[in-house]
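Shared chain: subunit A. Partners: subunit B in the first complex, subunit C in the second.
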Partner chain A sequence: MSVQVPGIYTIEIIYRGIHQRHLARNLARGIAYAARMAGNVALSYQRYGDDPERDGSPAKYFVVIAKGASEEVLDAEAARVEPDYVDASIVLDDSILKGVESWAWQGIQPVHLKLRPSGLLIVISKRNPDELIKFIPSRDSPYTLVVAYGERSIGDFWTFQDDGTVERVLGAIARVLPNVLSLDDVKKYLGSLDKPSERINRALEAYQSLVKLREVKPGEGLPYKYEPPHLPGWKDMMIGAAIPGLKPNQRNPYFTGGTAKHYRPVINFDKCIKCSLCWEYCPDSVFDVTPDGYFNPALAYCKGCGICAEVCPVPDTIIMVDEMEFEDGYGKFIDEYKAWKESKEAYRKWFESLLPKAQIISVRKR
Partner chain B sequence: MVLKGDEDVEVVGTGTDAVAYALMLADVDVTSAYPIRPYGGVMQTVARLIADGYMKAEYIVAAHEHDQFEIVKHASAVGARTFVGSSGVGWLLAIEAIVATSTDRYPVVALIGNRALDDPGAYGVEHNDALMVRDVGWLLTWVDAAQEALDTTLIAYRVAEDPRIMLPVGISMDGAFLTHSEHAFKIPPKSKVQKFLPPYDLGNRKLHPSNVISVAPQVNEDWVTELRKQMDEAMKNARKVIEEAYRDFAKIFGRDYGNPFVEPYMVEDADVVMIGMGTVSKPIKEAVRRLRARGEKVGFLRIRWFRPFPTEDIIRYLSGVKVAAVVDRDYSFGSPFDGGAVFTEIRSALYEAEHRPLMMNFIGGLGGREITYNDAINMFNMALDAARKGKVEQRVIWYGVRE
Partner chain C sequence: MAQTEYFDAGHRTCQGCESAMVLRWVAKAAGPNTIVIGATGCMYVANTTYYTTAWALPWIHTQLSGTGSAVVGTAAALKALMEKGKLPSEKINVIGICGDLGCADAGLSEVSNALTHTKYNFLILMYDNESSANTDIQETTMTPFGALTTFSPSGKQIRIMKYRWKKNMAAMMAVGHPEIKYVATAMAADPIDLYNKVRKALEIGGPTFIHTLDPCPKGWGYDPKYSHEIGKLAVETGLWPLFEIENGKFRLTGTSARIASGEIKRKPVKEYISRQTRFKHLTDEDIEYIQRKVDEMWEKWLIPGLLPLTKELPYPETAKT
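For the complex of A and B:
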């Protein structure tokens, strides 16, 4: 464990791979540039194990800033995979509050795993802190939850979309972490880029409107305890990195990946014609065949790609709904089929309430 | 040729022929071929043995060497005993598959017909091609006769496939001097081979629909150290397993190689010992015989297994010798004392010796140039001179280089 050196601040940026990669990188570099322009030293790095960043997997960037120090004090942080603690976590997509499950699997990590006591959890969201707290596991030390109002940016799919997220986050940092980056530092940096006044205005807007802070007390939030995965010793492993396989219809309980999704399929079992296309097309073999021939999604394994909804031949039978509509998570998801079996009437009502919020996958089918 | 019955059959053939007969005896299931000198002869003989009905194996002609090594790696994963080989730059074109074969722990046996690395193109022997895989988990052995080539091939399968090892073996054979010269050797009967070499068994790692496993996954930083440690343990086990294999081989086939790792030749009371690998043993042994006749206390130590390295034998035979002179048919550019790879390794091993000898290094015969017994006598004379003076004037000598 590294020793906490006074004057060193670490910021973590949690984002969705592919969807937000360039956004996270530009933000990390932007913070480092702004800090350096203010006369401090700073560096940033990506959590290397996340690098393939597939399927919107949660991934991390880190920025280390040393105030009024020389480059040498950063050396200890330079050759690392990840820091031991961070002063602030910035979550670029509120649906990641359901857990960080990177491609190099380390278990489902709480979004504030690295946050030091009394640190800042900054979330880009359109929801209030009180709504968000329902998705965040409890911890035994306090922290401050900050909501920077805004839409999650998914402009990165094929190219970085300069939608002002970087500027808004910089403005938020200036507001809640003025000892790390002041508004003047942010202005100085944004002023050095193209379209400086437009960028500075966005940062100012975020700075001025940012009032959604909430002190979170120990014990508040979801009950969830992070268990790091067991790593086998060299005598325990099969030779040649071989791995015992899963039998047909088995799933690996240690490798879920379900926190990678923005949207989840919700199924109207009343309309299902049991055609099996969702089961057949699902790239992650998410669907379990029920005894009566329906197809029930194991949501912990679902990446939210939407292929099931796209191939479903019956309109409004599989719909893709924003993850933030559901208060489950951290590896435990609701069982849609079970809910339907238990009370078809309640299920129907619930489904209908979700229908207006559905992400339409195929307009053609409507 | 008659190959039936329970008696040894003596034939005359090349070193590569001898390996081909060993593959027939070992019941190799899959082999892949891509022609390159000087290894190519082995595949021609294997093709003939299959065509004539002496051998039953899948003979896959690959598009190039990388394919060749990938084919046998995968065949090995499904439980087939495999053979492959190449020479010089061909061997190195396959390097990615070669590394994956050892890290995936498949007991492939390969013949490396040693050849100079291009450029410039040359067909002659140089050991740099095989030595290029020194550090990736292949067992490496050098043979110096057709009979030894045949026997070592059988031993290689036995060692590679031992559950304690599961690493590939590279059998190095000097291009031209052994791959293309014809000698008499005995082909043992299959009944003896069956006593010596059990069927290839991958156990719970066999890739098969009824045994669901994943091989060669992506593991990242959390697993690699442990997997390397497993390979390290296997390589260390190899010293013991090789000894057992040679002991059983002597019992069953009646040919005792003595120390499996090194071949000491008149080293017991020697003041000067020359060390080398492969067919350079032939002229050096003749030089030893001639110098001994003149009363000079000289000897020769042939390294048979280079990986695992015979550290203890090197210390045992060279500790207390006045001058140890290494003949390298290779060179390691920019190495600690600007010498050959074998010299560097022996020097490192001798650091632990109680009495360290003076050391000399002859870089000789690169690219297939002959080293005659007269050359060997010249080298011995230089080493004897150093022994008399008690100091080495020139540590590394490029023997016969034109000024």
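For the complex of A and C:
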């Protein structure tokens, strides 16, 4: 636990690895530059220096802003892998609200684990706070949920899709954290970039339209108990840093990787011809072969790449649907095959209701 | 085909990772009596997620360039222990898995040395995603012409930083180690072909080598759902010939064999290149240059994808294939 120095604000940016890394970097830099232009000291850093982040996995950037403090105080504050507490969390993809499972953590963390009591959780989403609160675990302390209205920004991999998300977030910060960055500071920073008027307008738009605030009381939200991981000390480690292996056909119980998805496969078992291509081509071996020869995805392990829907030869059999359409999460997912077995009619209706929302529909192109 | 998984879910790879699929199928083909040796690379970090693993096979991590030595050492130790009667005499597969940096760059001398040890049975598998994908996409000798990496960014003055042609690794291993009994190229987009090649390599005995091309959504820049399509395009455009050399006998397999026999036509390389953002800065002349090089490989080389000696060279008839 660090000594709390008054006037130091820490902001955390949670984003999807690779899809949003340029967006997150530009945003973290933007906040730091804007704060520096306003006469503060500020810096931003990524959790991992050499970027071993994975496609889709939740990753983090941090920004530390010190008002009236010296560079030395700031350096001391930032000289750690990640801060103990943050004043605001910015979530760039609303499906990350379903939990964060990063590589050195065992188990699924709530997205607001690091948030200080009465902190701000800023989410880029097209949904209302009341819809989003269903996915966020309850806490002992209150916080404020802020929704900055916007499309989930999935940038290109080597190029940054400049869709205004950075400006919108800066506008939102100016609205809800005026003591950290005022609107004038944001305007000053955006004015120094190319296309200044366009950028300032976007920030102003977010600043003015930001009414989707919701005070979240203690105990509100999803009942989910987060247990801190047991990290083995050097005495617990096996000789030679050996790792206990798995049995054949056993999935790794400590790391599932399922929080890396923003789309999930939903399977129409009525149409399935049992060709096994989804099972064959899945890089994460998530398909269980059922006794009657169907293929049932273990959604806790699915990373949502969409290959199964892409290789499936029968149209409308595997569809990829936005993760936010489903209320399950935190490691526990519905068993699609079981649901279909129990009531085929209800499953068919459910599937048909999801069809218009599907992102990828299985139709083999070649 | 075995349904049992020896490399199962719960690894930290990207969405749509083809290297993970290669490992899954290699483990499936090799079966339970296998020791896997992995060099540092994205697959090493992904498969040992902080004190947990996705392997159901004994697996060790060697440093970046140590695959060759570790594989020979393991195979030799197993042989010696069996000869002394300290281990029951049975077939144990030894597979060394290394990425393109750990095999073609840093580990080349040791891999090459290992392949001369004809007394021992092992397979060295090189999974090639054409960059050091673990540490934010750095250039390796396997990075193709023109590709963007963090070491070869495209600038205003110089458009193409990576101007050197990709090394022909499988051919080098086949031609440079005359006693090696099995060398093959494969890819995850054709898993059955990969499965068969791994089985062949493990059964034939002696040192063997398989080179797989693994599309990498992180480094190549495409939507993860297209992994297999990109992989298949690499074969269909002729950039990645699938072949195997079994006891000195060369044979093109799968789509490549059909291209060579004239059954299907090669697609233009533009179809493959335009799908990936790592090539987004290439102009039409650059793509034409790549097309010319690929055409040359198929039309002029003694063996497409393998022997860069051209047919115009006076070459003894007996030495062909």
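Quick note on the criterion: the second predicted complex is superposed on the first by the 353 of 366 C-alpha atoms of A that agree within 3 Å, B and C clash if a C-alpha of one lies under 4 Å from a C-alpha of the other, contacts with A are read in each partner's own complex, and residues count from 1 in each chain.
In this text, a contact is a pair of C-beta atoms (placed from the backbone, for glycine too) under 8 Å apart; a residue touches a chain by one contact, two chains touch by 3 or more.
Only a predicted model underlies this, so the values are computations on that prediction, with no experimental measurement involved.
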- Query: Aligned on subunit A, subunit B and subunit C: do they clash or fit?
  - Reply: clash
- Message: Just to be sure I read the superposition right, which of the two partners does A:Pro232 touch: subunit B = first, subunit C = second, or both, or neither?
- Response: both
- Message: Is A:Gly56 touching anything from subunit B or subunit C once the two structures are fitted on A? First, second, both or neither.
- Response: second
- Message: A:Val211 in the overlay: touching subunit B, subunit C, both, or neither? Say first, second, both or neither.
- Response: neither
- Query: Does subunit B (first) or subunit C (second) touch A:Gly245, or do both, or does neither?
  - Reply: both
- Message: Looking only at subunit A, is it subunit B or subunit C that touches more of its residues?
- Response: C
- Query: Taking the superposition as given, does A:Ala260 touch the first partner, subunit B, the second, subunit C, both, or neither?
  - Reply: second
- Message: Output check: A:Val81 vs subunit B and subunit C. Expected answer is one of first, second, both, neither. What do you get?
- Response: first
- Task: Could you tell me if A:Val286 is touching subunit B, subunit C, both of them or neither one (first, second, both, neither)?
- Result: second
- Please state which segment of subunit B collides with subunit C in the superposed model; the candidates are 5-13, 41-49 or 59-67. 59-67
- Common ground on subunit A, meaning residues reached by subunit C in one complex and by subunit B in the other: 104, 232, 237, 243-247
- Note on the structure: Given the complex, residues on subunit A that touch subunit B span 48-49, 81, 104, 231-234, 237-247
- Message: Help me check something: in the complex, which residues belonging to subunit C touch subunit A?
- Response: 3-18, 20-21, 24, 32, 45-46, 48-59, 134-136, 148, 188, 191, 217-218, 220-229, 232, 277-278, 280
- Item | Complex contact set, residues of subunit A against subunit C | 17-18, 50-52, 54-57, 103-106, 156-159, 232, 237, 243-257, 260-261, 280-286, 289, 298, 301, 303-307, 309-311, 320, 360, 365-366
- Tell me, which parts of subunit B touch subunit A in their complex? 103-106, 166, 204-205, 212-217, 219-223, 225-227, 229-230, 233-234
